[in-house]
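Letters A, B, C and D mark the chains as written, and numbering starts fresh at 1 in each.
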Amino acid sequence: MDAKEIIARRVAQEIQPETLVNLGIGLPSMVANFLPKDVHVFFQAENGVIGLGARPPEGMEDPDLTDAGGGFVTAVPGAASIDSAMSFGLIRGGHLDTTVLGGLQIDERGYLANWMIPGKMVPGMGGAMDLVAGAKQVIVSMVHTAKGKPKILHECNLPLTAQRRVSLIVTEMAVIEPVEDGLLLKETGPGVTVDDVISATEANLIIRGEVPSMQL
Amino acid sequence: MKQAIKADAAADLIPDGASLLIGGFMGVGSPHRLIDALVAREARDLTVIANDTAMPGTGIGKLITSGCVSKVIASHIGLNPETQQKMISGEIDVDLVPQGTLVERIRAAGVGLGGILTPTGIGTLVEEGKQSITVDGKDYLLETPLAGDFALIAAHQADYVGNLEYSLTAHNFNPIMAMAGKTVIAEPHTIVPVGVISPDSVKTPGILIDHLLERAH
Amino acid sequence: MDAKEIIARRVAQEIQPETLVNLGIGLPSMVANFLPKDVHVFFQAENGVIGLGARPPEGMEDPDLTDAGGGFVTAVPGAASIDSAMSFGLIRGGHLDTTVLGGLQIDERGYLANWMIPGKMVPGMGGAMDLVAGAKQVIVSMVHTAKGKPKILHECNLPLTAQRRVSLIVTEMAVIEPVEDGLLLKETGPGVTVDDVISATEANLIIRGEVPSMQL
Amino acid sequence: MKQAIKADAAADLIPDGASLLIGGFMGVGSPHRLIDALVAREARDLTVIANDTAMPGTGIGKLITSGCVSKVIASHIGLNPETQQKMISGEIDVDLVPQGTLVERIRAAGVGLGGILTPTGIGTLVEEGKQSITVDGKDYLLETPLAGDFALIAAHQADYVGNLEYSLTAHNFNPIMAMAGKTVIAEPHTIVPVGVISPDSVKTPGILIDHLLERAH
């Protein structure tokens, strides 16, 4: 199982039935593949659909129905089309139960940076700032390090996405919950020790007793 | 009732230097014929207010490639490397705005509000130069209205009053921008006789539309 | 012709073709009856319809289609149903071309009072404050006096509806335009002299040359 | 998917003292079966947030007559003399809010804004106790969000996900209030199987709805 699949499988366990879920482009979108069959959720794409479905069969694409990455999708029975004001109204208004986003950095305050590297990459924040500010549960899914360098830091040095403590960090090495007094190590990845996690992490980690391994 | 006009006639209404609200999300739900007509007439110095600048060769990306644009106000330019290059070279000035804030600023202009308070952007670079206001113990940024000289709207179906229906994820910014352009031009796929669209299906009332493009085919 | 018909006929002349018009309940709603056949406008009712039509034939009423006074109406071809946020978005956003409202008092600044008499009548402002603040053209239509007492005053003593100079005042005795320096008498009603208007009006009136009589 | 419940079961969910956003305009588009059930269970001390209090014997008017209500936040009570009498006698506390401001305050609560700036009410009694903010040289009132413990929504048609369609002037406050109740109860005329309503016809997505009333007949 590669790092991304570990992450996607573990995040999938956090998704509650009958909720509204937004999955970011890339790694987060893989989460949908690992939901148990009996867990029914509605996926929201911020470009305007609640009830995003799978990719359509070839030749049956609708150019007016895509996900937020511009890929062709379908709509499940009970889907709703909404405009951007409603889409972000749902996000900012606390109606979105879970958002799963990628991350560039995250720090001991639980603050996320994921939208720009000054002087290098300026894609824009798109919907990320609203998602982190507004969703009930914010899950950051990312590989633990970037080219061997820690991404979980004492304090982010990239521009922040929001001044809000995210709910959970899931990497291939660890599940970490930002809490009042820091980052609580909750689980380790397959074949990973607590010491492995500590040495791949710049931030201080709170460790309370035995740390279980992910059950995937 | 409105006479439907051709795309080139509509593009001729839009002077160089104008600010344009343009519907669409990564090219989906963008007014493609209007964009092509602006490229064809070599429009210059446009300000484009839109969610994104799509990709090179698609939708708003064509305006960027063709040198029509001097300023972009958008939430995302990540999938168009040309926009990023022209931003770095100084050819295009780019303002990045969180997507939810962008649509609410446009809505505020359209519905006559002087601004809205949003939690989005608090404690980030977006805060710079903005007033922060505390309501019920929570901090918000005051974000001000964003209007355009023109709004270029893509729709699924229109009638000759200008009433508009949209399709699936091609709604996006269109219904909101239709309220916020001084002049509003709608580009529908099809046009049906007045009375065919149920009042309950209308998402943009025709009284907001100034000009209607001919049907696509 | 009674006072109300004079007023309604005169206001009808101010309505421009192909515009969006809101008519208040009561006297203002009579204006629709006197529009020339070739002047096509859309009537908006603030409860949520653009393209208000006449009363339906008996037995063909729809309980879900009424005007702002709760009376059964129809919808013309090309009508649109809208919710209250859109309805008042159109009003406040400057998309409504003309509103015709009743008035309790109006003063030399062109300010209107029409929503409450403290201690006596507190119906609430409903949509009046938004209509006066937002419509492009605000026409006040009212009988010139109340039980013989002037309603056009130096300064309103009832609570104001908005701090905005209205566009035009139409009574059975006069057409008056509030301008920068006061109230300009533009026309007199049928059989009414300038002196009649002056003596039925507390406010100072600006009179420039010959004042024509209404052409109804 | 949601099991549709009976009106009396829904009324039992609403405790005395709750604040209720109730859709409708002079009784048109009000949740009449829910209102009747609240009257039947002799609800007390309710705060009603609605456009108006209708007429005695109609819609919200029944709640007023039956002594269910201790506070009203509305734009208009002029056609219900009982509301006016109870206001004067001190039995009901009444806050009057301009209609456009009322709906934007409810929307702000629903979409997570800290408030909106409106020109409506400037220079009038409505200004009292409110912050005035100048944007681009024009004065606006800062109006704050208005939420409810419950939103009671009337709709034309629902599916069992809770997606809602509305009819003609029975839209009014319903689609906005459906975003702003902590618990949202929808009362549709009819309910159809999931998948029958086109995504483009849905005006309130079902994920906003907590409870669905049985169809009317």
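Definition applied: a residue touches a chain if its C-beta (ideal position, glycine included) is under 8 Å from a C-beta of that chain, and two chains touch if they have at least 3 such contacts.
What you see is a predicted model, and the numbers here were worked out from it, not measured in a lab.
Engineer: Looking only at C-beta pairs in contact, point me to the busier pair out of A-D and A-B.
Structural biologist: So, comparing the two chain pairs, more contacts are at A-B.
Engineer: Look at all chain centres (mean of CA atoms) and spot the one farthest from the centre of chain B.
Structural biologist: Most distant chain from chain B: C.
Engineer: Look at interface C-D and say which pair in A-B, B-C or A-D is its repeat, using the rule that over half of the contact pairs are identical by residue number.
Structural biologist: A-B
Engineer: Could you give the separation in Å between the centres of chain A and chain D, each centre being the mean of its C-alpha atoms?
Structural biologist: Comparing mean C-alpha positions, chain D is 35 Å from chain A.
Engineer: Whole-Å distance, chain A centre to chain C centre, using C-alpha means?
Structural biologist: Averaging C-alpha atoms per chain gives centres 55 Å apart.
Engineer: How many angstrom lie between the CA centroids of chain A and chain B, rounded to a whole number?
Structural biologist: 29
Engineer: Using Cα averages as centroids, what's the distance between chain B and chain D in whole Å?
Structural biologist: Taking the mean C-alpha position of each chain, the two centres sit 32 Å apart.
Engineer: Provide the list of chain D residues touching at least two other chains, using ranges where the numbers run on.
Structural biologist: Residues 104, 107, 111-113, 118-119, 166-168, 199-200 of chain D each touch two or more of the other chains.
Engineer: Which chain C residues sit where two or more other chains touch them?
Structural biologist: Expected reply: 49, 75, 81-82, 85, 88-89, 91-92, 134.
Engineer: Touch graph of the chains shown: is it line, ring, star, complete or other?
Structural biologist: The chain contacts form none of line, ring, star or complete graph.
Engineer: According to the definition of touch, which chains form touching pairs?
Structural biologist: All chain pairs meeting the touch criterion are A-B, A-D, B-C, B-D, C-D.
Engineer: Residues of chain B touching chain C in their complex?
Structural biologist: Of all residues in chain B, those touching chain C are 107, 109-113, 159-161, 163, 179, 194-195, 199-200, 202, 205-208.
Engineer: Sort out for me which residues of chain D touch chain B in the complex.
Structural biologist: By the definition above, chain D touches chain B via 104, 108, 111-119, 133, 135-136, 138, 140, 142, 144-145, 165-168, 199-201.
Engineer: Write out the stretch or stretches of chain A touching chain B in their complex.
Structural biologist: Of all residues in chain A, those touching chain B are 45-49, 62-66, 68-70, 75, 81-85, 88-89, 91-92, 121-130, 133-134, 159-163.
Engineer: Can you name the residues of chain A that touch chain D in the complex?
Structural biologist: 20, 42, 49-51, 75, 77-82, 85-86, 88-95, 134
Engineer: Mind listing the chain D positions that touch chain C in their complex?
Structural biologist: Per the touch definition, chain D meets chain C at residues 25-29, 51-52, 55, 74-79, 84, 87, 94, 96, 98-101, 103-104, 107, 118-126, 156, 166-176, 203.
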